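Heads up, there are several structures right after this.
What follows is chain A paired twice: with chain B in the first complex and chain C in the second.
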Partner chain A sequence: MRPDLLLKVLAKFLIPFILIFAFYVQFHGDFSPGGGFQAGVIISAAAVLYVLAFGLELAERGIPLRALQYLSSTGILLYTGVGVACLLKGGNFLDYSVLLDNDVAGQHLGIILIELGVGITVASTLTLIFFTFAHWSRHS
Partner chain B sequence: MESLLDLILMIFLLIMALAILHTRHLLAMAMLFGLYSFLMAGLFLLMDAPDVAFTEAAVGAGISTVLMIVTLAVTGIHRERPGRIHWPALFVVMLTGGLLLAGLSQLPAVGDPASPATLGVARHYVEHAAEETGVPNLVTAVLASYRGFDTLGEVVVVFTAGLGVLLLLGLDRRKPRIRKRARKEGGDSETRPAA
Partner chain C sequence: MIENHMTIMLVVLPMLAAPLIALLPSKNLSWGLAILTATLQLYLAVNVLLDVQGGTAIHYELGGWAPPWGISYRLDSLNGLMALLVCLINFVCLLYAKASIEAEIPGRKLGLFYATWQLVVTGLLGIVLTGDIFNLFVFLEISSLSTYALIGMGRQRQALMAAFQYLLSGTLGASFFLIGVGLCYAATGTLNMQDLASQIGQSDQPMTLYSGFAFLFTGLLLKAAIYPLHAWLPNVYQFSPQAVSALLSATSTKVALYVVVRCLLDVFGVEFSLSRLFADLLLLAGSLAILFGSLRAIQQTDLKRLLAYSSIAQLGYSVVGLGLLTVTGLSGALVHLFNHGITKAALFMGAGMLALGPGTTLLTRLAGGTHRPWLLLLFLTGGLSLIGFPGTVGFISKWMLALAAIEQGHWWLLVVILLGSLLAILYVWKFIETLYFVPQNPPETSTGPVPGRGMWLACGLLCLAIVYFGLDTRFTLGVAMDAARQLLGVHP
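Moving on, here comes the complex of A and B:
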């Protein structure tokens, strides 16, 4: 039996649950503890576990570095995009009430969207940092 | 019961801090920092701040420990070099610590309803946030809506950190040359990395 077999089997079993938990934290953050930041960190923890179990090459075949670079700016663009949309609708920057006809519904929509932006940026940036470091440690 | 848990966590926190000071092995130090963060997360949870506890456990105990360990794998230096005592630095640290301890008695008690933090906008948030934003979790409402600008700044900070790592390590592919120089400089490190 190869020594890393146990790690691989366990990682394969755990990663889907970690990801589902991350999505729960992301989209249930309005009602329970959590939010985009925590969800992003949990997603990148799943990526770290994958790299530890299966190696950097396989991981990069699944999530290329370039995609991570694009994703990390996508999150910020989504966040600021919501702010600009508020400006265009005649409100202040990041004043979500103007997004929809109903003030409260607009606030809720704005919060969900910017939390999504936070989650995307945090998840991809932390994964990107880890991948870059892991590249170096393999070469040294 | 809760104060007993508080006490136990505090004692372990102190033990962790002393152990971090005592150990010279950088890998062990990184692990101990992770444990320290995890104990802090427990304390935050006892203070009824699950959102903060969540972040502390995920970021402090999880990701930053992993980042410290991969950094050690890159640098290949696994032991702290024993240095001489830097007296001015020691003086500044002692002075700051003393001032902080002296200021401790002026802080309001935990949960004090008359403390400045609960008298300002916090009262408005507690009373009106749920109906104004439609979000029952007050922390999310404050972070994402009332303090949306703040949170935007935080996300930009994370993004900038990633950008910095990319600029320093990621985009430059001339690894072997830099590594050779690093090895020459770090030649007196006591152990080589296993990775």
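Moving on, here comes the complex of A and C:
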């Protein structure tokens, strides 16, 4: 038996659950403890586990560094974009109530989008940091 | 529509520009978007400052939540002036950065460089405009973290060490600030600055407030590099990329000092915070900063390091003005933040232009820089302003401070201020002599990149500003006087 077999099998088994839990934290953020930041950290934990078990090359074939860079910017853009959309609809910056006709629905939509932006940025940035350091240790 | 949202747009524009710049494929496009944002911001900053002239304030509630529950921005003469300083310096430094930074940083990193730059500006403007003390901490972290990254991009290897040193000091300062905010929150239950101000007098936990106050100010004075908490500053200014030195020298410490003024006089209020003892401590720290900074500046052999020590001295003037607690002194301190900002940015830009070829700012290597005679004009204008020569901005602020010292009968302070100017003559003459009157040895043919048009334009603009605001003080000094009167609760 190869020494890393257990690790690989377990990682393969765990990663889907970690991701599902991340999405749970992400989308329950506006009802219960959680939100974009926590979900992003959990997603990147899954990415770290994958790299530890299967190596950086395979991981980068799935998510190239360049894509991570784009994603980390996209998240902030989504966040600021929602704020500006509120401005354009006649409210103050980040005043979600004006996003939809119904105030409460507008607040929900706004928070979900904002948290999504935070989640995308945190997940991709943390993964990016880990990948970058992993590259360094391989070169030196 | 835009009129109501100008305050928030000042912060939102760079925040929107940062990710876009990072996504753009070419360095020219990145720079173009950055300068476009900076131009819009400058326009907005001038407009909001004109709106608040005469003592009105603009309020803005984020997300439509009313203070003290929601975060609100509040703009008056004091932060209007600071916002203008940040936007002006940001614009001029970006003009300068195009040619300067391309000589220092590899092309593939330029997009990220400009994106990080926008984050610094977002943070600084956020600090200046927000009316919520916790929100201020968040912006403090945004600007600091991105500043560390910018410093680390310097050409010399010591840049990394300087960035790390600043990271340690900056984190320490920010943590102290946060602990202070936490203690104040524990004692009053509010984070909104104006609400905090009204609660502080009635709190039944004065000891918690006093400890909060102590933490808050230790942290802030560290961020503002007030003597004796200045140790991180010389390395940072010396090893940063040239354009970054110019940006930081003119904005970051000034903004931190703005927070000191805001918290001392607006949030805690004169009765609570400025017992005579603390005010005297400020006078003492300021005077020591002036003397220590100037003396150390004379000993330096590196142009940028010399300018950095001179910055420590010049910050001392503002601290002295704050400690005097009179309208004249405080307006001198505030106008000095602006005046010294433009002066020092101009000088760092000049240093950066000299460093283009040799890649160093060691005075011995730069000796006999006569192949760029126009730069002498820049160094002379900036140098005279550091000394406080009539006709430059430096004169205005020092004149106000000297007046304030005489009003209060602090004759020793007048001596310190004049001594500071004398020492400034020494260190200004030191670099001008080395640059222009020492024969070049060995005669070095000027190689390497030549300064671009943007660099000359930026330097020219700042020189004009130094002379213009030194002659026509209605605008800058007027706003500073307004702000000082509001802060001290004096009605004209």
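In the analysis below, the second predicted complex is superposed on the first by the 140 of 140 C-alpha atoms of A that agree within 3 Å, B and C clash if a C-alpha of one lies under 4 Å from a C-alpha of the other, contacts with A are read in each partner's own complex, and residues count from 1 in each chain.
The criterion applied here is as follows: a residue touches a chain if its C-beta (ideal position, glycine included) is under 8 Å from a C-beta of that chain, and two chains touch if they have at least 3 such contacts.
All values reported here derive from a predicted model rather than from experimental measurement.
Within the superposed three-chain model, A:S32 lies in touch with chain B and out of touch with chain C [touch as defined at top]. In the superposition on chain A, contact of A:L56 is made with neither chain B nor chain C.
In the superposition on chain A, A:L100 makes contact with neither chain B nor chain C.
If you count the residues of chain A touched by chain B and by chain C, you find the higher number for B. In the superposition on chain A, contact is made by A:V41 with chain B only, not with chain C. In the overlay built on the shared chain, the residue A:T74 is in contact with chain C alone; chain B does not reach it. In the superposition on chain A, A:L87 contacts chain C only, with no contact to chain B. After overlaying the two complexes on the shared chain, residue contacts for A:L19 are found with neither chain B nor chain C. Of the two partner chains, neither chain B nor chain C is touched by A:L7. The contact surfaces that chain B and chain C form on chain A in the two complexes overlap at residues 69, 72-73, 76, 80, 83, 93-94, 96.
Remark: chain B residues 50-51, 53-55, 58-59, 62-63, 66-67, 70-71, 73-76, 131-137, 139-141, 143-145, 148-149, 151-152, 154-156, 158-159, 161-162, 165-166, 169-170, 175-176, 179, 182, 193, 195 touch chain A in the complex. Across the interface of their complex, chain C is touched by residues 69-70, 72-74, 76-77, 80-81, 83-84, 87, 90-97 of chain A. Within the complex, the chain C residues that touch chain A are 1, 5, 8, 12, 15-16, 18-20, 22-23, 60-64, 115. The touching residues of chain A, when paired with chain B in their complex, are 25, 29-35, 37-38, 41-42, 44-45, 48, 65, 69, 72-73, 75-76, 79-80, 83, 93-94, 96, 103-105, 107-108, 110-111, 114-115, 117-118, 121-122, 124-126, 128-130, 132-140.
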